[in-house]
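Below, chain A partners chain B and then partners chain C, in two separate complexes.
For the complex of A and B:
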C-alpha cells in the first residue's frame, strides 16, 4: 500500500499535503467510509423502524409536490454529474464525480420511493405533471453548460449553485417534515455537503490560479439566481415554512455561494 | 420491466457491493495484503505486471467514460440509476488498478506517461469504437458495446487472471474477485435490457453487428499482443516456487479445465480468445444478434 488510507483512524486528512489530501478525499475509499456510517441498515434512505406520521390530505398533497420538484433537481444533478465526468480534468475529479453520480442516483431513487410510499401510483408521471417550470428550466440550463464542456461554469452551476440550493431547502424542510421524510432528507444533506466541498475546493483553487475566470462564473450566477430564488419561493409555500423564516432560505443560499467570493 | 429493474436498484447495489463483498476491503483487497516480494524484486516480472495492469486501467477508463456517458442517453429513470452504480463500479476499478500500479512502484508523477507508453493501440481503438457510440448518445449501441462486449471480455480476462494469481498473489486475486462480481451484474443488465429493445428496433441490428465485428477484431489483436510478451511458463514456475516460501509450491492454476502453468503464451491466448468468443456467441444470440467473425488480426 502506498501511504496512509482513510480507513486508518490515526490519519487526519486535513494534516495531509494538498495533493495527498485530494488523493484521499476524492476516492471511492473515502466515499465508502463516509456513507457506511449513515446508510448502513437503512432501506431507501430511512430505518425500517421509522414510523409514518398521519398527514392530512392537503399536507400530503403539498409534500408530494415538493418531492416532485426535488426529483427534477436530483435528475438534473445525476445527469449533470455524469456529464461532468467526461470533461473533468484529472483522474481524481473523475473518481469523485463517480461517487457523486451514485449519490445523486440514490437521492432520486429514495425520493421516488417516498412518493410511492405516500400513495403515488406512478411517481415518474407525477413528477412530470407537478414539477415547476423554474426547476425544469434550471435543469435545462445546467445540462446546456455541461454539454458545452465548460468545466468551471458547469461545475459551478452543479456543485455550488444547485447543491447549495438543495442543501438549503432539504436542511430547512427536514426540520419540519414528518419523521420518514426528515430522515430521507437528512441523509441526502450529508451527501450534498461532500459535493459542495468538492466544488468549493476545485473552483477555489482554480480561481486563485486564474482570477479572470471569476467574471465567467459571475455571469452564470446572474443567469441562474432568478430561477433559484423562484424555486425557493414555490418550495417554501409547499413545505409550509413560517413567513418569519422565509428570508433565511435565500440568505443561506447566498452565503454558501458567497464563500467563493460571489456576493 | 419494473421488476427486472428492481434487481438493479441502488439499494440492492449498496447492500450487495459496498455493504457486501467489498466490506472490509482496501482498494479491493484485504487490509494489509501486499504484492509478493518475489514479484517486486524480479525486474522482468514486475515490468510485465505493470504492462498488464496498464491495459486494465485503460479498459476501465473506457468503461467509466462509457457508463457515465450513457446515463444521459438512457430512456428511463431505472436505467439511469443502474448506470449510476455502474459508473461508480468502473471508477472503483480505475482506482484499484491505478493503486496497483503505484504498489508495483510506478511513481504518481509518472502515471500518465507509463499508461501512454504501455497502452495497447488496439485496446485504445477498441475503446474509441465504443465511445463514438456513446458520444452520439446511441443508447442501444452503447449498451451492447459496453455491457455485452466490453464487460463480457473483461469478465473472462479477469477470471483467467484470477485463476492464475489465486495461489501466488492473493492480493491481486482478491482485487480481481471484486471486479468479477461487479462485471457479472453489468453483463446481466446488458443482456436483460437489450433483447427487448432490439425486438422493437430490428433495423438497428446490422449496424450493431458491425460494431461487434470491429470491437472483436481489436479485442483479439489486443490479446495477441498482450500474450506476445507474457511471462513464459518457466518464469511463472519461478514465482510459484518463491510464493510457496521455499516449501511445496502452491497448487497449480487451472481455468476452463486447463493447467495454466503448463501453457505457453500462444496457447493461453487461444484459450482466452476461444472462451470469450464462445460466450459472446451465446450472449449475442440471447439478445437476438448474430455473431460476426472479424478478420484475423
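For the complex of A and C:
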C-alpha cells in the first residue's frame, strides 16, 4: 500500500513524465489511496453519525423512484465496465477498468442500502418496478455494444454519456437531498470524476490515432444520449429542484463531446 | 487560498524574462487523490471563485489545479482527480485556462 505520507517526496506533480503519470493514475495503488481519503470511516457511503431527516410520504416516494433509476444506471456501468476489461486495448486500461468495476459495485450496494434504510422491503424488486423504460433501454443497448466488442462505442456510451450525466445529476441532487442521501451521492460523484476522465482521455487518444472512428461515435451519440437525458431530466424534475436551479444536464456532456471534436 | 507567494515582483507586468512567483501550497482538504498529491488540488467554489496566478480550472472535472509556480502559456499540468493532462493557454479574456492534451 505504500509508505507513510510525505509531502516533500513530491516536489511538483506537474513535472512528472507523461507515461509515469499514466502509470500512476491507472494503478490500484493510486485508486486505493484516493478512495481511502473520502470513504474511510463511512458505512454504506455515509458517516454512521449522520442523522436521518424526516421526509414526507411524497418526498420519500420521489426519492425512492430517483434512487431506483440510479440503481439501473449503476448496474449498467457495473456490467459494462466488467465486460470492457476483456476488450480493453492495453494493461493500463484493464487495470483502471477493474478499479471502476469496484466503484460501480460499491455504488449499487450503497444505493440499494439507502433504499432499504428508507423502508423499502425488497429494494431490487422495487428497482424492477419503478425504473424508467428509457434507462433500462440504455442499459440494454450499452451491454449490446460491450457484447459486440465495440471498444470505442461502448466506452463512449458508458464513460462519456452515462457518467457525465450521472455526474451532473448526482451533484445537483446532493445539494438538495437529505443529509444521508447527500453524503452517499457526494461519495459517488468523487468516483465519477475518475470515470469521466478515463473515458474522455482514452477516446481522445484513440480518435487522435484513428480519426475515422469519429463517425461511428457520432452514430452512438445520436442513438443513445436521448435515452439518458430523458431519464435524468425527469429525475431532476421529480426530486423537486426548482427550474431556476436545474442544471443544463447536457452541458457537461456536450462540453466533453466538443473537446473530442464531434459535438 | 492560492498559497503563500515566496517571491514577488510587485506589480511588474508578466513577461517571459521575469522570474516566476513561487508558491507554498497548503493541504486544503481535497481528499480525492492520495495524500502526497492533495496540496496540488482544491475544490472549485463556483463562478465567484477567483483563481490565483498558480491555479487553473480543470475543464473536464471542474477541480482547481494548483502549481508551486505562477502559470504561463505552454505549461503542462496534470489533473489527478480525473487523470487528464492539460496545457495552459491564455484565454480570450486574458485569463489563464487549460486545454486537454490527449
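The criterion applied here is as follows: the second predicted complex is superposed on the first by the 242 of 263 C-alpha atoms of A that agree within 3 Å, B and C clash if a C-alpha of one lies under 4 Å from a C-alpha of the other, contacts with A are read in each partner's own complex, and residues count from 1 in each chain.
In the analysis below, a contact is a pair of C-beta atoms (placed from the backbone, for glycine too) under 8 Å apart; a residue touches a chain by one contact, two chains touch by 3 or more.
Fair warning: this is a prediction, and the values are worked out from it, not measured in the lab.
*Asks:* Applying the document's definition of touch, where does A:259 land relative to chain B and chain C: first, second, both, or neither?
*Replies:* After superposing on A, A:259 lies in contact with chain C but is clear of chain B.
*Asks:* Using the touch definition from the top, say if A:244 reaches chain B (first), chain C (second), both or neither.
*Replies:* Neither partner.
*Asks:* Using the superposition on chain A described above, determine whether A:34 touches chain B (first), chain C (second), both, or neither.
*Replies:* second
*Asks:* Does the superposition put A:95 against chain B (first), chain C (second), both, or neither?
*Replies:* first
*Asks:* So, does A:56 touch the first partner chain B, the second partner chain C, both, or neither?
*Replies:* neither
*Asks:* Kindly classify A:86 by the partners it touches after superposition: chain B alone (first), chain C alone (second), both, or neither?
*Replies:* Only chain B is touched by A:86; chain C is not.
*Asks:* After lining up the shared chain so the two structures overlap, which partner does A:25 touch, if you call chain B first and chain C second: first, second, both or neither?
*Replies:* A:25 contacts chain C only, not chain B.
*Asks:* For chain A, give the residues common to its interface with chain B and its interface with chain C.
*Replies:* Looking at chain A, the two contact sets intersect at 2, 5, 7.
*Asks:* Can you tell me which positions in chain A touch chain B when the two form their complex?
*Replies:* Residue positions touching the partner: 1-2, 5, 7, 19, 23, 27-29, 31-32, 35-36, 39-40, 43-44, 75, 78-79, 82-83, 85-86, 91, 94-95, 97-99, 101-102, 104-106, 108-109, 112, 124, 143.
*Asks:* Under the touch definition given earlier, write down the residues of chain A that touch chain C in their complex.
*Replies:* 2, 5-7, 9-14, 16, 18, 21-22, 25-26, 30, 33-34, 37-38, 190, 193-194, 196-198, 200-201, 204-205, 207-208, 255-256, 259
*Asks:* Which of the residues in chain B come into contact with chain A in the complex?
*Replies:* Touch list, chain B to chain A: 9-11, 13-14, 18-19, 22, 26-27, 31-32, 34, 64-65, 68-69, 71-72, 76-77, 80-81, 83-85, 87-88, 90-92, 94-95, 98-99, 102-103, 108, 111.
*Asks:* Going by the contact rule at the top, pick out the chain C residues touching chain A in the complex.
*Replies:* 27, 31-40, 59-61, 63, 67-69, 75-85, 100, 102
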